Amino acid sequence: MLDLKKGGLAALAMAMLAGGHAVAADAPVKIGFAGDLTGACAALTEDELNAVKIGVDELNAKGGILGRKVELVIRDSQTKPDEGAKVARELIVDEKIDVLTGVCSSAVMLAESAVSGELKVPFYATIGSTQRANIELYQPYFWQAQANATMEAYAAAEYVAKKAEWKTIATMGSDYEWGHTSVAAFSERLKKLRPDVTIIDPIFPKVGETAMAPYITTALNTKPDAVFAALFGGSLGSLIKQGQGFGFFQRTNLVTLMTVDTLQSMGSAMPASNVYGIARAPFFALEQTPEVKAFIEKYRAAYKEYPTDWSINGYDGLMFYAAAAEHAKSVAPDAIIKAISEISYDGLRGKGLKVRAFDGQMNAPSYVGKATKVPEYDFPILTEIEKFPGEALMVSEDAIAAARKAAKK
Amino acid sequence: MDPILSARNIRKRYGAFLALKDVTFDLPRGERHALIGPNGAGKSTFIACVAGQLPGVEGKMIFRGEDITALTPASLAKKGIGRTFQISRAFLQMTVMENIMAAVVIASGRWTSLSRGLYRDNLEKAFGLLETVKLDDRAAARVADLSLGDRKRLEFGMALAGDPELLLLDEPTAGMSIKERHYLMEMVATRMEETGKTLLFVEHDIDVVMKIAQRVTVMARGAVLVVGTPAEIAANEEVQAIYLGGHH
Amino acid sequence: MNAPAHPTELSRRWSSLSGIDINWKLVIPALILAEVINRTTGASTTTLLTEIIIFALFASSLNLLMSFGHMVSFGHSAYFGLGAYGFTLAVTKAGLPLEAAVLLGPLVAALGGLLFGALCVRLTEIYFAMLTLACAQITYTVLFQWYDFTGGDTGITGFMAPRFGLSGQNFASLTLAVVTLSLFALWWIVRSPLGLSIRAAGQDRFRAEALGLTVRRVQLTAFVIAAFFAGIAGMLYAVLHGSAFPDYAGLGLTLDSLIMVVLGGLNSFAGGIWGAIIYKLLGAFVPSLVHEWELVLGLILLVIVLTAPKGFAGLIARLGLDRKGGR
Amino acid sequence: MVLIQFVNGLMEGMTLFLIASGLTLIFGVSRIINFAHGSLYMLGAFLTYELVQILAPGTLWGFFASVIVGAAIVSLIGVLFEVTALRRIYGADGLMQLIVTIALVLIVRDVVRMIWGPNSITVPMPDALAGAIVIGENYFPLFPIVVFAAGLVIVLAMIWVIYFTRAGILLRAGTDDRGMAALLGINERMIFTAVFAAGAFLAGLAGGLSAPYGEVNHLLDTTVIVSAFIVCVIGGLGNLYGALAGALVVGITKAMGVMYFPRLSMVLIFLIMAAVLIGRSLGRQGGSAR
């Protein structure tokens, strides 16, 4: 029952898709943004994209990259790995992009990384942070311009270790790779730093769980001094809101991921004390250099809101790429890949950011602080912040090599 | 002559309601037997019990000397019990030929076959059945487009595909015109006559019963009231009082 | 009785007497057209074409259950996922050569279909559908959580050159060939005595039982066949992307396939093919044209369903464009 | 701890029931699998968020008034959808109706995102309900207890409407026997619309009531719809008491499961459903599968 009409329709549609795509030598530098614009990652990715757009405008105002105009090509991966791989391939092959970025979900990141490795086009992530990309799925055309999950958990452990009065720590994480990796890394580091601390066996609510009461009860039952929770989104919000009815924030402390978007959406529901947040790049904690101030102002003017961690990292990631291109005097993939480990970049998150060639990991910092309501903002921010430079958190090359060997088995 | 079907103390309840109260019933081989009775007498329930349609039937059902009480409709069909339903249940989205062919294929037990040669081998049998029920000229029509009378005849033809020893027809003429009723039931009677198979049918039209049935069982309130020839039944005062008198 | 007719005449008579037929004259041009599109357009069109072809098979396998067996599955992606993982794990864990692994995917899917199907066919209608959903979610969870074996939620990537290292166009041609053969096999099954029994069991299970058909056994057979072909589609998809993710067995894909079958048109063999073409094209174009693509896609779905409640194939039949089909 | 977990389970169960009740009502009467039920729930949450800010944030009456007004608006949206889209295809295959409701899911999700953005929002909890009843070392949070009570009120109200009012008699006539309803001269379409309105109201109510206790964002629809369906199926679709029992069983098993089999949290609800369905199929006599 196939018939010609169908074929005709399809042909028409296909012809529309195809279009022309010749690339001239002085064509613009194309940034392919294959991001999770819908689905579970939509909110984070939108913040990232907002900042990337500002970055592109800034670059073009300064004459572009290597004198070439910068052009942003946007695709929605729908937070689906197969869709991500598809649009990444389309961007690379048809749009002839020079660099790929945008992902948030770990699974989508790995799917797009595989495409980048296969087609040898540079790809960097500023949200998605699985360590598998450093270990067995490492490929040379990929780098992470943010702290990976392990580094972040290490930062939390360093912060917690300094709280001498905390003797018993309960742990929980969302039941997927990020949650498990984070809890394991946190426990490993904390044990090393504070052998006297008792770490309770972790509990793992399912991804997206919003009925947190049973988990709160279980965690509180061990009478911990603090609870480390590798949760985000719905589970984290529910934990904080539902925890208050159980006196969670009178009975113990919470150490968890607390980026600016979370602080904003919690708003008045944030407990007055006892919440400690790990963040990637909270705008209020950055050294308020003229560049940082200018960026925050520009962002606020454009989007009527403060930039989130995802915005800062998205912007920083793009500018790092531009710096690498200027250094290499080329956007050719191999030149870029060589350049990223040669340059030292001064960005919004501080000076001296560089990528380790061995596993494509940037020495990006992490921030840990105490969630506090302050009069200057209509949402809580982090105070008593400690910034942990990336070098101290990065897993050693030897350990990565060993993990790679173990994963091969 | 030993009965082809013999029911012993058949009892079926729906919750607190006893639909069949210890029905005992013998059906001689080769007989055309009608089940009559007022609405709610348990006729259709009894047919459904014989056909294995209902769960939780108590009592014992013997078919050709074998206990069939707990068997499923499919295995009863394989043992030689064919049936039609009160409401026409032909395969609506198939053609007449496909309906008959489905019946033939299933009756042959080769439903897993992937070979369309099976159709070729059975086409003549299928056409034969269609001729029997006078539908050979409508073979390519879709069942959904058939008249009710045609559908009922088609169902009869399908029920014949497995050459059943016992044919159960549950109100085969419901909803048909008087002319159609007699046309269908005479066709059934002729076929039974020719093949010597047994027929048990539920029927409301007394004229049809008188003409077709060799013997009649009258049921009322879930129990057998009386069994006899049509003439005996017609003359029975009790039947007249309970059934014929109250006939609407 | 008539004198025995000549066999070919009989088979010709059977064809004219059965309700479903295919217009062979149009199949070859359609295939040629697909291949021409493949060879004359860009890489992304080729990828889209390949996906359409793969999903035409996936949706058609579900269509076997839905249109012919009248069994509505809410968990068909499980077998797509099992096909993909069966293949992928055969390569990564068992170290099988690709040729053998390719066969293993669909077999694993069929095995899953046998196991879950045996449970599901004991139920009917919405309860059948919900048990298939439960089975699919159990499959999804195993793929999602069994880190040591399935790679967990971040899936398995980089274990092979996508498309066996073939060029996009050559792989599209290969896919077209495999899917055409598979669709032909499905078509053959639908028209065979087995297919007739599946349709009979689907249209009226009581009638079919009274004729001597063990309906559950027929339904289980249909379920396993559908799972097998969904497994082929899943395996092809894993090869296309060179990766496998738990999402392949997720609820999203199940919904996609349901939408495809219904949009394409129930009670028609071509429904799954039509649905895959329409839905995939919409999914490719709408997001590239508007930011609020979910809104627009929803509105388009609404308009299509309200104007063509019998699906696309039904619409075609109504317009008289496709005389034989649309049943 | 077991006691607290049990109470936790009861509380979650009631929330689940609130979501499922409207779904099972709509299915029971019009046989529509309303996939957009989660979207209506989400709309209830967002409307409550808006209304609370207008009315009186933090107060008890402000919260409950917002929830009820929000649910009423959701109900209107439901009616609009039923009249413009669903009603046109009652004659078509049931699956077409499913697809129409899926289309609505996509539309509502994007509209919500356009209005309220992709980030989560927080609906402030009424100050009076923020605390807990503390017995020794055990905390029993107030808010879910109030939701539980509200759920009980709704159950009783539904029972009263369905079994003791004229509307309920008409409704049951419509559910049990379409022909009977026609005989009584009831406009079947009116019943369908009324029931859809009631189901949408319940969805909006559930969304509003649960809003302060969890995250509210444009993805709330999918989180909710699957578990609501499962609860209905466990209880027997269209069966109100069944839905209540199913919801409590799911809630309590989930809460207890955290202690005894934590790794199963992701599939637990599906395993319960599978067990119930398989049990149901085994409990049935062989032969005619119905």
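Should a chain be cited, it is by its letter among A, B, C and D, assigned in written order, with residues numbered from 1 in that chain.
To be clear about the criterion, contacts are C-beta pairs under 8 Å (C-beta built on N, C-alpha and C of every residue); 3 or more make two chains touch, one makes a residue touch a chain.
No experiment lies behind these values; they were computed from the predicted model shown.
Distance from the centre of chain D peaks at B, each centre being the average of the chain's Cα atoms. In this structure, the chain pairs A-C and C-D differ in their number of contacting C-beta pairs, and the larger number is found at A-C. The geometric centre of chain A is 37 Å away from that of chain C, both derived from CA atoms.
In this assembly, the C-alpha centroid of chain C lies 33 Å from the C-alpha centroid of chain D.
A separation of 72 Å divides the Cα centre of chain A from that of chain B.
The centroid of the Cα atoms in chain B and the matching centroid in chain D are 47 Å apart.
Multi-chain contact residues of chain C (touching two or more other chains) are listed as 144-145, 206, 209, 215, 293-294.
The set of chain D residues touching two or more other chains comprises 113, 263, 266, 284, 287-288. Residue positions 175, 207 of chain A are each in touch with at least two other chains. Every residue of chain B that touches chain C in the complex is listed here, in rising order: 51, 53, 72-75, 77-78, 82-83, 85, 89-95, 97-98, 101-103, 105-107, 109-116, 118-120, 123-124, 127-128, 139-140, 142, 158-159, 161-162. Listed in rising order, the residues of chain D touching chain C in the complex are 33, 85, 88-89, 91-93, 95-96, 98-100, 102-107, 109-111, 113-114, 226, 229-230, 233, 237, 263, 266-267, 270-271, 273-274, 277-278, 280-282, 284, 287-290. Chain C contributes residues 1-2, 4-5, 7, 10-11, 13-14, 16-19, 188-189, 191-194, 196-197, 199-200, 203-204, 206-215, 218, 221, 267, 327 to its touches with chain B in the complex.
Interface residues of chain A facing chain C in the complex, by the touch rule stated above, are 1-7, 9-11, 13-19, 21, 37-38, 75-76, 78, 80-82, 85-86, 89-90, 93-94, 106-107, 110-111, 113-115, 117-118, 130, 132, 137, 139, 175-177, 180, 207. Chain C meets chain A in the complex at residues 22-23, 26-27, 29-31, 33-34, 36-37, 41-45, 47-49, 51-52, 144-145, 147, 152-155, 157-158, 161-162, 168, 237, 241-243, 245, 247-248, 252, 268-270, 273-274, 277, 281, 284-285, 287-288, 291, 293-294, 313, 316, 321-322, 324-326.
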